[in-house]
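Each of the next two complexes has subunit A plus one other chain: subunit B in the first, subunit C in the second.
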Partner chain A sequence: MGAKVITITSGKGGVGKTTTTANLSIALARLGKRVVAIDADIGLRNLDIVMGLENRIVYDLVDVVEGRCRLPQAMIRHKQFPNLYLIAAAQTRDKTAVSPSDMVALTRKLRPEHDFILIDSPAGIERGFRNAVAPADEVLIVTNPEVSAVRDADRIIGLLEAFNRGPGQLIINRIKPEMVRRGEMLSAKDVTDILSIRIIGIVPEDETVIPSSNSGVPVTMSENSRAGQAFMNIARRLTGENVPFMQLDATGNLFQRIARLFGGNNSET
Partner chain B sequence: MSGFFDRLRGRDRGSKNKAKERLQFILVHDRISLPPEQLAQMKREILEVISKYVSIDEEHVDIALQPRDRTSNKLIAEIPFKRRAHPEEVDEAAQGEILDVIDEDEEETVRVDPSRINEIEKQMDVDEGKQDEQPAQDPTKPSKTTD
Partner chain C sequence: MITLSPTEEWHTLTEALAARIDEKADFFAGARVTVDFGQRPVPKVEMLSLKALLERRNMILSAVLSESLTTIDAALALDIRTTSSGVPGHEPEESAPIDPEEEGTAGVMLRRTLRSGRTIHSRGHVVVVGDVNPGAVIVATGDIIVWGRLRGTVHAGAEGDESAIVCALDMMPNQLRIAGYIVTSPQVKRRRPQPEVAMIRDNQIVVEAWS
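Moving on to the complex of A and B:
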């Protein structure tokens, strides 16, 4: 069987799917895992930029699927983490160039040589989403603590169940503990109660995220980013490690607050 | 600064509760693909059917979707009756609505018995004129036309 295929999706755009995929890929690579990140957002290539690999792309996902290159030619190796590869999305081609069975076939070829294959799903619930979800062993649903994002997450969870890929696990991204404390933002507990699915990570809003994607160096690569630490913890959980939500690190104040939002529920992974 | 806002808004009174309420409402409908307007229509129809047979205590009717979890939502209906009604009472209570039903379903009436169209129209004219004097005739009509 080999690698585990993990698809990152959300329904709504702009909630942080690509940032999450980039950071989890790097975090898993830092943990010594052999990782392939695949950008399934055909026509709107982005993952390469967030990972800082945009200048090195020669062949992309559609080239592989249509047989214009061999698979290894489309796998861009990260310089700093030689056990991490990216397969970029095509920038200009027809979205229907790739089918769900193409994705299953592609991941089947990649599985034996790797530990994790992460697929960055496009927004929406169309073909691209179905492509991204088709080969998934596990689906991570990224959402923000906002009504529209949570609603879309719920829709995605319903679809995953219909496709037999459910229920998936939740990542709540861009939470602002200070606003939660003031009662002006849904807490992580509110969101998980409403969606009633398992949560695998809470990522705080962090001003280091945008500069890091500006420079193509995901936050997980630096030690002093809270969001980076949150992503690292999610990566650990993906490898089967039991990482409690509250016991995250030395910036205790913030995470204690997040933990408090979970009430007595801290032992949950 | 945040302390100021805390005092200003009170801790439980932030917009998050609004968000939660709206979400819960939206998701119940999303999950069964039944928009609020259709639910309201369904309620009206349920009550219409029931009130053909019994008199409903409309002030205490409570029909609502109850979300349990993603896969098992249910409709909980509490529809108290006034008491077992005599036919004349049903008739009085529902007269207006029943006449409406006849008007809306004119096509169906025609389809059921096209040859009698003129006769029916005449009869309806007569009914309209005599409405107040002859209410006892009306309740039999809707069951004929809708069956």
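Moving on to the complex of A and C:
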């Protein structure tokens, strides 16, 4: 069997699927795993930019599927992590250029040589989503602590169950502990109350994420980013390690922190 | 609309269907079809094979009519719209008349959480053991009972039965309708969930403790 295929999806757009895919790919590579990241968002390719590999694309996913190149030619090796590859999406085509069975066939070829294959799903519930989840052994659903994102995640979980890929594990991205404490933002518990699936990670809002995505250096590559640390923890959990959830709420006095420790409440993540 | 014989062998049936479609491939291409399985219990694998058979011919299995719960469950698992046999607006042709006094009214029971986007239509009652999440919809001609949290949209007595009720362990529906009446839940931030029942009384929907 070899590699484990993990699809990152969300339903709603803009919640951080691509950021998550890029960071988990790099985090897993840093842990010494052999990783392939595949951008399944054909026509709207982004993963290459966030991973800093845009200018090295020669062949893409559709070229492989349509036989214009051999698979290794479309695998772009990361400069710093020789065990990390990217297969970019085509920019000029649309989702129908690839079928779910193409994705299954592609990952079947990649599995023996690697440990993890991460697939960045497009937003939506149509063909592109079905392409992305078809070969998945495991699905990570990214959501934000917002009602609309949670609603879409719920829909996605329902569809995954219908495709026998469910229920998946949840990543709550861009949470702001301060706003949760003021009752202005859904807490992790509010989210899981609705979705009732397992959380594999909670990523705090972090201003360093956007500039690092823009410059193609994901936050997991640096040591001192809170979000980077959270993604690193998720990667460790994916490898089977038991990593305790990060204490997001580093503010507050000693008494409050101890109270939270024992209260097991929402802001402890 | 395709009606399949409930008694014929499954593979002869699907082969015959495929042959019929292939005869007029141009006519059928792109069609959205409703399949009436009658009383035949169709497990999920068979439903999936039929769906694939249709999809290979550029057709979409858009809805399933059935009197069998196995079939309805298979369709639900594949996210296909379902209706108990008898097209809405028509009387079911040969199904036995239901005597509520003696037999109780037929219903559908679902032991799972209904997530956003899932729609259940039933001629009869609906019982859900699990949550009904926001964005899920249940429409029943009879009562709706939710053994869990009700947060989606429900319509009981959908064909005008004003005696229909809706019960839930935690009643916070997006929208609740009984027959021609409609209410939304009050926006309360923190409340203690308790089992409640909604019904029509004096020409409005009232919700009270379920005891």
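Quick note on the criterion: the second predicted complex is superposed on the first by the 244 of 269 C-alpha atoms of A that agree within 3 Å, B and C clash if a C-alpha of one lies under 4 Å from a C-alpha of the other, contacts with A are read in each partner's own complex, and residues count from 1 in each chain.
In the analysis below, a residue touches a chain if its C-beta (ideal position, glycine included) is under 8 Å from a C-beta of that chain, and two chains touch if they have at least 3 such contacts.
Note that the structure is predicted; figures quoted are calculated from it, not measured.
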item	value
First, second, both or neither for A:Glu178, with subunit B first and subunit C second	first
Partner chain in contact with A:Arg151 - subunit B first, subunit C second, else both or neither	both
Greater subunit A contact set [subunit C / subunit B]	B
First (subunit B), second (subunit C), both or neither touched by A:Ile194	both
Subunit B versus subunit C as contact partner of A:Leu186, first or second or both or neither	first
Which of subunit B and subunit C A:Leu159 touches, first, second, both or neither	second
Subunit B/subunit C common contact set on subunit A	151, 154-155, 157-158, 161, 183, 194, 196
Of subunit A, residues touching subunit C in the complex	151-152, 154-155, 157-159, 161-162, 183, 194, 196
Contacting residues of subunit B [partner subunit A, same complex]	2, 5-6, 9-17, 19-20, 22-24, 26-27, 30-31, 69-71
Touch list for subunit C against partner subunit A, complex	77-79, 113-118, 131, 133-135, 151, 189
Interface residues, subunit A side, partner subunit B - complex	146-147, 150-151, 154-155, 157-158, 161, 178, 180-187, 190, 194, 196
